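Shared chain: chain A. Partners: chain B in the first complex, chain C in the second.
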Partner chain A sequence: MTRSSKYLKFFAFTYLIFLYAPALLLPIFSFNSSQIIAFPLTGFTFHWFETLLHQSTLHEALRNSLIVAVSSSVLATILGILASRSATRYDFTGKQISLTFILAPLVLPEIIVGVALLIVLMQLGLSLNLWSVVLGHTLLIMPFSILIMNSAFNNLDISLEEASMDLGENQFGTFYRIILPLVFPGIMASLLIGFTLSLDEFIIAFFLTGTDTTLPVYIWAQFRFPKKLPTTMALGTLLLVTSFILLSLSEYFRRRAVNSRSSVL
Partner chain B sequence: MIFAIRTETKKGWRLLSIPFIFSLLLLAAPLTMMFLLSFWTQDYLVLDKTFTLNNYIEAATQPVYQLLFQRSLIISLTVTFFTVLLAYPMAYFISFHGGERKALWLFLITIPFWTSYLLRMFLWKVILGYNGVFNSLLLWLEMITEPVTFILYNANAVVIALTHGWAPFAILPIFVSLEKIDRSLLEASRDLGDGPFHQFFRVILPLSAPGVVGAALIIFIPTVGDYITPKLVGGTDGLMIANMIQVQFSKANNAPLAAALSASSLMIVAFISIVFVLFNKKYLRRY
Partner chain C sequence: MNNLVQVQNVSKSFGEVNAVKGVSLEIDQGKFFSLLGPSGCGKTTLLRLIAGFEIPNSGKILIDNKSMDGVEPNLRPTNMVFQNYAIFPHLNVEQNVSYGLRKKNLSKAEKDEMISQVLELVGLTGLNQRSANALSGGQKQRVALARALILKPKVLLLDEPLSALDKKLREQMQLELRHLQRAVGITFILVTHDQEEALTMSDKVAVMFDGEVEQVDSPRKLYERPASQRVASFIGDMNFINEKALETKDGLKVKSKILGDIFIPKNQVSGKLSNNKIIIGIRPEMISIITKNSDSKGLISGKITDISYFGVTTYYKIECGSNAKALSVSAQNSFGQMDYKIGETVKLKMDVNSLVGFLD
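Coming up: the complex of A and B.
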């Protein structure tokens, strides 16, 4: 190993520590018995997790978040399937520019999207509720769904579709019985990623929730109370574990989506 | 043939129209509405719909908005610079020295970012605070005698937290562009007498420019409008334009000014991004 590559390796590991530092603190301090988040550690406790069980506002927020996350991930995935099926199967004028437009929320500052949506809702005189958050989240998640579904549809062999049509299936039957099962792993990956993104999303939810708060908005409110810090850390730990499981699952499905073609043939 | 093209267009649009209309309704219409509103004025609850540029004039001339725009841009550009600077060697290490374990390295890099953005930024507040993790650790190890204060509730803290928060968005695109480099080009440059230094600056860096430019834009554009980080770790000296937009919307009850501030930030960001891309055009053209 040359000297420069040794330096590089040293840098890579140091950088990795920097990247891991915040995430590692969550579990450490959620099991630490002191109310103050500082070293040295004082002792091990489950107390902070137990207090989570008795907070009805938290349970309400969790329920709201689940409703929003399920609805918006399902909506975004349906829209994503339509868009990427169209993008991968057909070639037509205006395709590129309209897709670029649909993918724009990927790079737009979230605050701009939030402000713009809030202005429209206010001008239309609509009340803010969980459904406005669902629509906002669907807009944000749809680009991710499209990118995931694109790679799933790109792996489809067009001859399978043609064979099905030759054998007398109509277009709907072909889609339902041939294409859908083949891109199913992609759909699962898209649902899981969308669910996780929505569950964690703060800005849009902050702008568009009326009185029904979602989980991140609830957490944001908790930050103001130093006494509740360890409880918030415990909640964060649970969220970290949840995200980890959901995204590992989605990665598993995404890989299956990419490999599905080779398993069929 | 023409008929075939027509049906293809028709079929394509039949599927694409639904998501497209959804985006028109939820993105194009709201953005248009935001631009419209920015030319109106609001007096408490009454909206005056006569066209005026006053909001933009206020946004451009009031020192407080000038300061916030300036600070947002400086913070965001600093974050972009440091994130790319740190991410490049990491991506380089994975691409050229990762060997069989490239996928594992990429996986290791993304894991910490599976915590919610909100919590990660909050954790930086916990880490950098006066009685925080960093200070208490250094005190405990007796490396300092008094807590250091220059790292919380100012622009430095915002830069540190954001440089951490956006790291994977720089590492991944740079890694992809490094992976695309034809390794035989490196052999050629070595055969033609380039040392490691020349090889890097004359071959590798220019060829990976698309990834660097992409990474810079992916980080620069959203961080200008970041709300969470400055609010949590920025104190008053680290507040950015997004915080002001939110204040104008809620407490100040001046939605038109908030819209003008949003529209202005969007235009400034778009302008800088376009200039940046044009500036780097010669590296991007080959692709």
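Coming up: the complex of A and C.
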């Protein structure tokens, strides 16, 4: 082994530790019997997970988060399909610039977007509720949806569509029988990523939520009560595991979408 | 024999590029017709215009005497075999083949019958459930054919369907396609850049250059009486000799340094005579090397400058006269024939009946 590759390995290893070690503290303390979040550990318990079952405000926040996550990921994916389809198949003036604007939330500070949306909604005289959060999250997820759907549509060989038309199908039949099944893995990936992003999004939800809080906003509120910290840790652990599973699934679908290309050609 | 497909003065341009320039063609019912030309000559565009994937800028296309103006591809009596086959990757063989049957009002039993018939026709019996990704190139080709033929189109369009196959399989598929066409009696229009493919498979070939049709003829006519120098050199090899000619009542008289005094009848000459210039064309296999030195009358002598051996034939480059371009001569190889050496002087005999003349 050369000296430089040894250093590189060391660097990569340290990097991963810094990235993930803090997240690993979450599950460790959620199983710790002490109320105080500090080493040394005092004992193993499921108690904090049990307390999760008895908090009705938490259950409501979870329900709200699920509504928001499902609605915004579905909405963003539908819009993403439409935008990507037009971007990959048709040429029109202003295509590049409108794509850039749709992708902008990727780099815009969320707090700015949150405040801006709040001002707009207030000016329009709309009340804040879960649907305003859905709109905000859709805006946030759209860039991810578009990027995923773009690669799915780019992998689609145009002669497949022509072949379908040639064999007697109209535009709609072709979309339903050929295009949709072939971009399906991309759609799944987009839904899962959108769901995950929305589920743990805090800033926009914080600004746009009315009386119905979402899960991250609820967690933030819990930090005022030091006694409840271990329970929050337990909740955090569950969210971490859920996000990990969802992201792995979405990566699986995304790769399947890419693989389907090699079989086409 | 009626004209099933009529292309009337059709033009198509993409931006600045004029892909097809005022092409007119008439394609007979039940024939194997080929569009032949180098890449970029507009042959694929013409095919896609017939299929309805492109809309002409001007001109008309009629199929079975019906104008195809404004008729979508899915409503045309044509089906296409794509260059990359375009097999639907998420469907198996049977689902691919029966794709176009959905809109037809058929019972399950009728469909199954049609599917098994067409699979037998293309030699894929028993592969109904095979997934599209597990097919070889040749099998994909057959699925693409079956998928189109099951709909019994009036015209089957084939866009370079054999170019992705290796040489052996390609030659086999050429024969199979030809047999298939005769068996089903459907009009085939094939696009190809391979002159050999066009000659062996077609009843008629249209040769295209730069968006225009240069000649439409039977393969034999194309080879023996090419209408222009371009056609002649695209289809096979030909020697071109620049000479001066004199017009007579029924042909042209040429006093050639290489060929001697010759006469070319009118029907072997294309173009109009101006300023006496003529280009004489002769195929390499129409020149033979005479071994016996018995009668040297009418023979030309030349020096061998190059020899290439091709198995069935041998190609010679032979220089006749000091400043003339070397002639290509091809000779059928036979067992125990004379072995010539580079630098050797030989006598040549030309088949004068095969000469063609091109005027400006």
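Quick notes
We adopt the following convention: the second predicted complex is superposed on the first by the 262 of 265 C-alpha atoms of A that agree within 3 Å, B and C clash if a C-alpha of one lies under 4 Å from a C-alpha of the other, contacts with A are read in each partner's own complex, and residues count from 1 in each chain.
Here, a contact is a pair of C-beta atoms (placed from the backbone, for glycine too) under 8 Å apart; a residue touches a chain by one contact, two chains touch by 3 or more.
What you see is a predicted model, and the numbers here were worked out from it, not measured in a lab.
When the shared chain is aligned, chain B comes close enough to touch A:M122, but chain C does not.
When the two complexes are overlaid on their common chain A, residue A:D157 makes contact with chain C while staying clear of chain B. Looking at the shared chain after the overlay, A:G168 reaches chain C, while chain B stays out of its contact range. Once the two complexes are overlaid on the shared chain, A:P181 sits against chain C while remaining clear of chain B. Applying the stated contact rule after C-alpha superposition, one finds that A:K9 touches chain B and leaves chain C untouched.
After superposition on the shared chain, chain A has more residues touched by B, the comparison being chain B against chain C. According to the touch criterion, chain A has no shared surface contacted by chain B in one complex and chain C in the other. Touching chain B in their complex are the following residues of chain A: 4-5, 8-9, 11-12, 15-16, 18-26, 29, 36-40, 79-80, 82-83, 85-87, 89-95, 98-99, 101-102, 104-105, 107-113, 115-120, 122-123, 135-136, 138-139, 142, 146, 196, 199-200, 202-203, 216, 219-220, 223, 229, 232, 236, 239-240, 243-244, 247.
Across the complex, chain B meets chain A through its residues 5, 8-9, 11-16, 18-20, 22-23, 26-31, 33-34, 37, 86, 89-90, 92-94, 97, 105, 108-109, 111-120, 122-124, 126-127, 131-133, 135-137, 140, 164, 167, 196, 217-218, 221-222, 224-228, 232, 242, 245-246, 249, 255, 258-259, 262, 265-266, 269.
Chain A meets chain C in the complex at residues 157, 159-160, 162-170, 173, 177-178, 181-182, 260, 263-265.
On the chain C side of its complex with chain A, the touching residues are 51, 53, 72-75, 78-80, 82-84, 86, 88-90, 99-100, 102-103, 132-133, 147-148, 151.
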